[in-house]
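Take this structure, written in structure tokens, and hold onto it; I'll ask about it next.
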Amino acid sequence: MAAQNSNFVTASLKGASQVFFMENPLTGILFFVAMAYASYASGVWATTIGAAVGVVVATLTARLLDCDEKSVASGLYGFNGILVGAALPTFIAVSPQLWVYVVVGAAASTVVTAAFGATLTGRWGIPGSTGPFVLTGWLMVAGAYSFGGLHVTGDAPRLATDYVQGLAPVPAPLELVQIFFRNIGQVYLLGNTISGVLVLAGIFIASIPAGIATAAGSIIATVVAIGMGADPAAVSQGLYGFSPVLTALAVGVVFLQPSVKVALYALLATVTTVFVQGALDVIVAPAGVPSFTAPYVLTMYLFVAPKKLMAPHPHKPVSDHMMAGDDGAAPASAAKPA
Amino acid sequence: MAAQNSNFVTASLKGASQVFFMENPLTGILFFVAMAYASYASGVWATTIGAAVGVVVATLTARLLDCDEKSVASGLYGFNGILVGAALPTFIAVSPQLWVYVVVGAAASTVVTAAFGATLTGRWGIPGSTGPFVLTGWLMVAGAYSFGGLHVTGDAPRLATDYVQGLAPVPAPLELVQIFFRNIGQVYLLGNTISGVLVLAGIFIASIPAGIATAAGSIIATVVAIGMGADPAAVSQGLYGFSPVLTALAVGVVFLQPSVKVALYALLATVTTVFVQGALDVIVAPAGVPSFTAPYVLTMYLFVAPKKLMAPHPHKPVSDHMMAGDDGAAPASAAKPA
Amino acid sequence: MAAQNSNFVTASLKGASQVFFMENPLTGILFFVAMAYASYASGVWATTIGAAVGVVVATLTARLLDCDEKSVASGLYGFNGILVGAALPTFIAVSPQLWVYVVVGAAASTVVTAAFGATLTGRWGIPGSTGPFVLTGWLMVAGAYSFGGLHVTGDAPRLATDYVQGLAPVPAPLELVQIFFRNIGQVYLLGNTISGVLVLAGIFIASIPAGIATAAGSIIATVVAIGMGADPAAVSQGLYGFSPVLTALAVGVVFLQPSVKVALYALLATVTTVFVQGALDVIVAPAGVPSFTAPYVLTMYLFVAPKKLMAPHPHKPVSDHMMAGDDGAAPASAAKPA
């Protein structure tokens, strides 16, 4: 029983570390310290409590649903739950209904994780990653507008026409250092510089190449965002950096074997993520929700999907169509044999 | 010839009953009576006529396209058409162009049903259910704003910021009974209490467990919607109940073998559907369309997708990627052998 | 080296022709002449230059990524890039950042094309077609609102309620002829009648049936759009015709074996595309982006997806579900054996 509880705590801490693709309980502890520090600095503890509740409920739900044991133990069913638990109190004011929301949202995130695993991963070999968190988070925050027991905090949604136009000066060196760390902390929705330092330390503890890719992603994102003239306030808070950081790490180190060519591929993916960040901020604004890690998720899916020896469909008939004649035509699958 | 016509009528009535997953012409007749009663009460007959046209056109199109005969005969190509036919006159004023729209929309719904069958079902084992209706209905209602021959009735779209805030009192007992039945009638877009009684009777005729799940779904939805502080006017019209009712039925009885564990799983799914209802109302509002049964469809897809022994992709290289080296890596499919 | 360069130019010109499903360098030259003529007439050369940059960057990226050689040589990795390159300067004012955007967007379009090939095509047999252009174009244009170095030109986004209501008179015969050709030129975002003539000539050079389908699609779209009362200004500019033209060609000639039955199927698809055009104009407006060829892409996917002998999932248990008992149930795949 004690062993089982200890296993459960380890699985939950590994879940925290899996947000950055690591499987290391120490890293998970450091991430919790980073969250607690930000809560201490801001006086808002609901986010850290929500994260703890989220990872516990998500991991527990995975056990109750008999999900793949090894995956549960390595934290793969926990990292979406921890993000749901941290995100909901960030965007919704504390109320009894919020805690119902956190518990149901974290439990649902496990089902969504299993659904992504069975579809995206099972058939297309695309990792679900934080996609289940983005989907669950969007639905929960958007839904909050419909319920009187929930109150969405933060700015009113902006339309495309409201967005910033014109270039801004380059930030001072000290601010650039702060942005570098906030880009990393914001993966956990933490705009706190010290928290970013703690998160980066946690990543380096688990893997040095992962730490380097994270740092590189943060620098690339900052250069591109400033060069394109992104809103200086958003850049300063690290909001243009957290998705590119994840892309650099996922495409450059985690899901592809590192090499020079993969590094260039990851560079294109990281730059693209900054543009997709700008796009999704505009696209999801009418629904009144933040874009979360969707820029990373969408870009990563697109860059991880391409398979070897697979060709686009030629502009020829699809052979097994409902309306195809019996004499057949070109094969529907355009995969070229090796 | 007479036999063929009789078969066709039976297939169409079964199509009406398949909206609630039943395959029973008597149930279909009761559903038509429920629609006709609502038309009689409101004086608006276009919805009932549209439903009849929709199921006939959709079933006929399926025959012309040589769709799977058994599926056509059991009404599986008719239930999306009947909903398109009922929905368009509910949200668009009567005009010659509306009837063109109903006919083309119902015919297209059959193609969309076949497309969902070939993709969602064929590869992922997820039933399309009323997804084709939702997609077709959204496109047709949104499109109506672009055409001078079509006039969308009802309220102007609301933005996220317009939504209700604050809690409301619990409705009186009599109103709770009305809500219970309206939740069921609204699956057919009927806010009429008597129509809800007739629909529930039709379900019980076909299957007692299905009737019980429907009733349970309606009660759960009402409790959750009121507890979370949903807009009392929407709750009263049954608008927070029809999707959860379908989820309870689909997840609890139809697509999974009933058991205690499945009942708990269906409870989580049903509660989640209420939240997704709140979310989608906000998300689709800028497009000026109703959410239809999308909250049910999305939730059901997510809860039915997870497969046995399937694990999420581990945070390791994807082996068959375009950029993968020749020495391979971890297998892309993370399915664990039994 | 000279041969390789010549091959590269041929691949790029074939890429231009693949926008209309052709694989013919002469057709590609004519399409470039059509773009250059429109640039000459309007004095705006950025679109033609962008198109040239787009197809070169996209094709080059495909080579660097070791994409399927035969597909690269036939232009299948170039046609989305040329459209991205033509579209971005059409909707975003010229600036240094715009050219960064065009280059990154065209390179990304190749990755997106490979991703669509590996998912849509590889598993479902659905051709990606201009889907990658639509996705990349939406993200880039929406993203432009977030960057001070990019300025989106054109009208402010309109909400659903702003749309036209009421019928308009039928255009004069001369205008109908102009609309006929603009419907075709607008596939390349060209509202110029002469450019439309050149594009149609290029199609007929490559394939007479393709030319006939294109012309038929243009006529059908005009009749339906006017009959439904679409905005006369949009109809006049050819904006209601370019997607239906592609649908008529794709469904009627390219992806299905032509026959009487397929012609009727393509007619339903073409009419549906006009309605979807009206819908998507409304749906994407809040994001401030044009609908591009999305009405064609969505409709074509739905009409090309249905497979022979495939049935929708019956309303019975899904056998391999996480929550399914060991005693099994109905098979998840509903494909009927031949």
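As written, the chain order gives the labels A, B and C, with residue 1 at the start of each chain.
As a working rule, a contact is a pair of C-beta atoms (placed from the backbone, for glycine too) under 8 Å apart; a residue touches a chain by one contact, two chains touch by 3 or more.
Keep in mind it's a predicted model, so treat the numbers as computed, not measured.
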{"item": "Rigid-body rotation angle, subunit B and subunit A, from Cα fit (steps of 5°)", "value": "120"}
{"item": "Classification of the subunit B:subunit C interface as same or different, half of numbers criterion", "value": "different"}
{"item": "Rounded Å distance, subunit B centre to subunit C centre (Cα mean)", "value": "30"}
{"item": "Contacts with 2+ other chains: residues of subunit B", "value": "65, 67, 114, 123, 126, 265, 286, 306-307, 310, 322-323"}
{"item": "Of subunit A, residues touching subunit B in the complex", "value": "18, 21-23, 65, 67-68, 70-71, 74, 76-77, 97, 100-101, 104-105, 107-108, 111-119, 121-123, 125-128, 138-152, 156-157, 254-257, 259, 261-262, 265, 286-288, 304, 306-308, 310, 322-323"}
{"item": "Residue numbers on subunit A that touch subunit C, as the complex places them", "value": "65-67, 114, 123-124, 126, 159-161, 163-168, 227-231, 265, 268-269, 271-272, 275-283, 286, 301-303, 305-307, 309-325, 329, 332-336"}
